[in-house]
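Letters A, B, C and D mark the chains in the order given here, with residues in each chain numbered from 1 onward.
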Amino acid sequence: MSDTDTAKCKGNRQAQTVGSGTALPAEDGVEAALVGWLKQTLDKRVFDAVLVPVEVPAGDSFAYLLLRDPAILDNASPLPPVMPIQGGKVISRLTMRGNGNQQPEAARIAAVVRPCEARAAVELAKLQQAHLDNLYLITIDCPGVLPLSDYIEDPAAGAARFAQAAAQRDRSPMRPTCQMCNHFSMLPAPISDLHVATLCSDGTLSIVPGSPEGARVLEEMDMPVETSLDGWAAQVEAMEQAQTERRQQAHAELRQTVAGADRLLDVFSSCINCHNCQRVCPICYCRQCYFESDALKLPPENYMARAERKGALRFSPDTLLFHIGRALHMILSCVSCGACEDACPMDIPVGQVFSLLADRAQETLGYVAGERLDEALPLVTYEMEELGHVEQPYVAIYREQEVQDA
Amino acid sequence: MRKGLRFNKGAEETVRELLRSLLESARVSGVLTLGRTGGADGGVAYSLFTDPDAFGTDGVALPLLPFMPANAGGLLSRLTLKRPLSEPIAAVVRPCELRAFIELVKLNQGSLDNILLISSTCGGVYPLDVGANGSLQERLPQYWEAVEQGELDDDVRSTCRACGSFVPENADITIALLGETDLEAQCTLYLNTEKGATFVDGLEGAEETPMPGDLETELIQRVYSQRAACQDALFAEVDVGLKGLIDTFGRCISCQACKTVCPICYCRLCYFDSQDCERPLEFYQGELKRKGGLRVPSDTVFFQLGRLAHMSASCVGCGMCTDVCPADIPVSTIFSKVGASVQALFDYQPGRDVEEEPPLRTFEAEELAQVVM
Amino acid sequence: MEEFTPNIVGFLCNWCTYAAADSAGVSRFETPPSVNVVRMMCSGRVDPLFVLTAFLRGADGVLISGCWPGQCHYQKGNLHARRRTAMLKSIFDTLGLEMADRFRLSWVSASEAPRWARVVDEFTEHIEQLGPSSVYEELFL
Amino acid sequence: MSEERSFEPKIIYFMCSWCGSGGSETAAAHHLQYPENVIPSRVNCTGALPAVHIVRPLIEGADGVVISGCHPGDCHYNDGNFRARRRVALVKSLLDTLGLESERVWFRYVAHGEGRRFVDTAAEFNDHIKKLGPNPLKTRSDT
């Protein structure tokens, strides 16, 4: 599947206007309503399979299941209190090899994910690590997720804490990156085919089409798109504005704690080089990471010489190189999901630092990760006239000046 | 030919002075041991020290800190992977780290040449959480008190409490810690090898009282039986059967951190990261025809069983896997338990003898008749 | 009740057991149609992961079969296979997995077509007694 | 001798094999000299220089990195220098955000014939880094 094919299938999602949706009865809560709706889609064969988080048998976490049996959906949890594995990674795993022999009747799969997971999936599709044709991204207004370690300590209490915080729209118990997330919904640009609007001011629940494909699904389900969403849009806009302010403030504070060699090395001083941040990162898709490759395995003389020059050499000797280098490789596609921070055994605020780096780097190159499928990745394209500040102006008389000085 | 050396100085001081004098006298060019990183609020990491000042009283080195940010066996392997060291270094490591390194040398992932191996009778280490929340320093008094009594502090890792291999094998120098009285004021070093004796021989500033000794004291024997009981209890906690494994690994987030930090899992490209584990969409559709649903990615129990098949014979039970697990899965308990049974099957102890072939690289002509139909 | 035909994956060594199975077919020995044969160059080539994959993808039994000790085409592959089998059984046993009982190693040389028929008969009967494996039904593997 | 003078920085000069190193050849033909502590490193095209290779020397012991490729429009591979510019922008953004002195990375086009421009760049960057002083990461043992 080529670039152009992908673009053709899913078009420019921004073309779809977000004005109205279709109401979904929500007496038993968002999750039950959505599960009921998904069951109907399976029954009507609108979707052949659904990818959705389901509670694991021990009841202490959730895992993505690809399922076609509606009975299994009873244990499904479209909006679980944690994100044990980034959904973008799951979608990539499922679709990375594409649709083998291009069957004409390929199964239609609905993937119920959070907005940051959908954005990661979009980035992965651009990186040729996922194929989104025949895959329908369904997102939900996201209240954030709890840090995994908090939840696993006591799943029941965690679930209760999450439910309460979600109801009160309180992000304080959530992951630090969720606390400062300003991409928790589908505005300003739709990133998914269908979006479940839960933040309506009157407490109702609506499904909003985000793409022509999504609209067609609602048609097939005989669900007329006629409910006005003005109240929801205003609500989301206000919240996004507040969250953006919060994000900027958090980033400003964060920069105070990380900027400069000393502070930066303090922040990463307890890193144990497990590279788990890279392992769970949806964007870090390389089979063989540069930082685990032979490029960093050096003969002992090299390590000894460096140790002698500095008096000591931290071992493994590439902690900072790993973090900065990893950022260089993936930061332009970073969706600030916080999976890295969640998986860090040393509680290093790596997700927060990366979200700061991502915002600044993406701003420099005029790009927002995961927003548009038809936009080229910033490092595979360029403009003739841009980034003039990078170039060092040449002072022709430099040498002569110095000769005169001498 | 084990020889004892008694010093009338605290253990910490003795080891620091030993390492400093080794560096100052240029008997070694570097010392691999734990040290502080970053500033005041910094962390702890292994470092290769070349400056003797690191071992002064205010130095950043922390050779006896009960903490394991990485298995040093893996680090020594990385240091000597390309070729053996051309100049001598000393490495202060724990018994399990030493065993891991010996295993890695057997697996052609490192070289013992030019490394003076210093280890200690091990009182266990604290979990990584303790280092992450910064409470390591305050726990040290109770840790050393427990060690002097041959006990283990309640908060050290469960793997350590159940570890029956706390007396180092193959160390050139062993620092006696467990069950030694008054570690603040005196310390005994055992020189186990000719190499160890040569390095220490005639070092300045060491007030030596030769004391021939044996580590197999009554107290050490008691610790063995205590830990064995602890191990039985821990192994009994393992939830067995397929349902048990699914319950245990259900919350696995497939990050494979257990594999990344495992010193024995040295493969550059793990099978579970290989193309074999990537499937076309048709595969998943085919599976869905046969069953109602499947987990994606679907290799939690499979991954762990596969990893057991690949490395359990060499598992040294260091506990790193449990320590890093973001989902708090007791990986190491399962691996130690399976490791113990596989190792018993071949009468093999990882890290015991560098000349001994790993069990799956060799065979006997007549053996294991029970497994053949 | 529907009759249960075990689904057994047989990893057969190219030089001995595969030839024996071939010869058993040519000689019209009657064996149950339960074994799906995977032809390997040597029983020593069977990575434990192959066995695990077979079980996790729904096999009711796994059979590795190679040359008799001393007769391996590559001298010692079968002896390595024996150690691996012992190790894998030990892992299954320790973790209380019934796969331990559904997994066999046998020696069948090229000339032993009747023996191959007997091995298949025996193992099939054994698996029939155990019933279908429940591994495949698990959603959360 | 002042403190500033006694510090001899270690500088890596990445140059593309067509223009940047062409400039150095022209400089040599004209017997123009540049500081000895500037270590030239030739890459096929600045567009083929991974961003990590710009940062790695800075962490592992260099005081500065300077990159020279063809002028816009002159790239032997059409657009490598434009891609390099984006990458340098990314590196600088990252270093800026982390407070790691992005001015230790310079990017300047040097054509094959511009021998004078090449030696000037080397000398100017050398003086610039001398003023900045040693790279703080160079002495840190815990990177």
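We adopt the following convention: a contact is a pair of C-beta atoms (placed from the backbone, for glycine too) under 8 Å apart; a residue touches a chain by one contact, two chains touch by 3 or more.
Here the structure is a predicted model, which means the values were calculated and not measured.
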Which of the two pairs, A-B or A-D, is linked by more C-beta contacts? A-B
Of all the other chains, whose mean CA position lies farthest from chain A? C
Please report how many Å separate the Cα centroid of chain B from that of chain C, as a whole number. 37
Between chain A and chain C, what distance separates the C-alpha centroids? Give it in angstrom. 45
For chain C, what residues touch not just one other chain but two or more? 139-140
At which residue positions does chain D touch at least two other chains? 141-142
Which chain B residues reach two or more other chains? 37-38, 42, 45, 47, 246, 250, 292-295
Listing of all chain pairs that touch each other, if any do: A-B, A-C, A-D, B-C, B-D
Using the touch definition from the top, list the residues of chain B that touch chain C in their complex. 238, 240-242, 244-246, 250, 271, 290-295, 298, 300-302, 305-306, 308-310, 312-313, 334, 337-338, 341-342, 345-346, 359-360, 363-365, 367-368, 370-373
Would you mind writing out the residues of chain C in touch with chain B in their complex? 47-49, 52-53, 56, 58, 69-70, 76, 79-80, 82-91, 93-98, 104-107, 119, 122-123, 134-141
Using the touch rule from the top, collect the residues of chain D that touch chain A in their complex. 51-52, 55-56, 59-61, 72, 79, 82-83, 85-94, 96-100, 106-109, 116-117, 119-121, 123-124, 127, 136-143
Which positions of chain D touch chain B when the two form their complex? 141-142
Interface with chain C, chain A side, in the complex: residues 54, 56-57, 63, 65, 67, 72
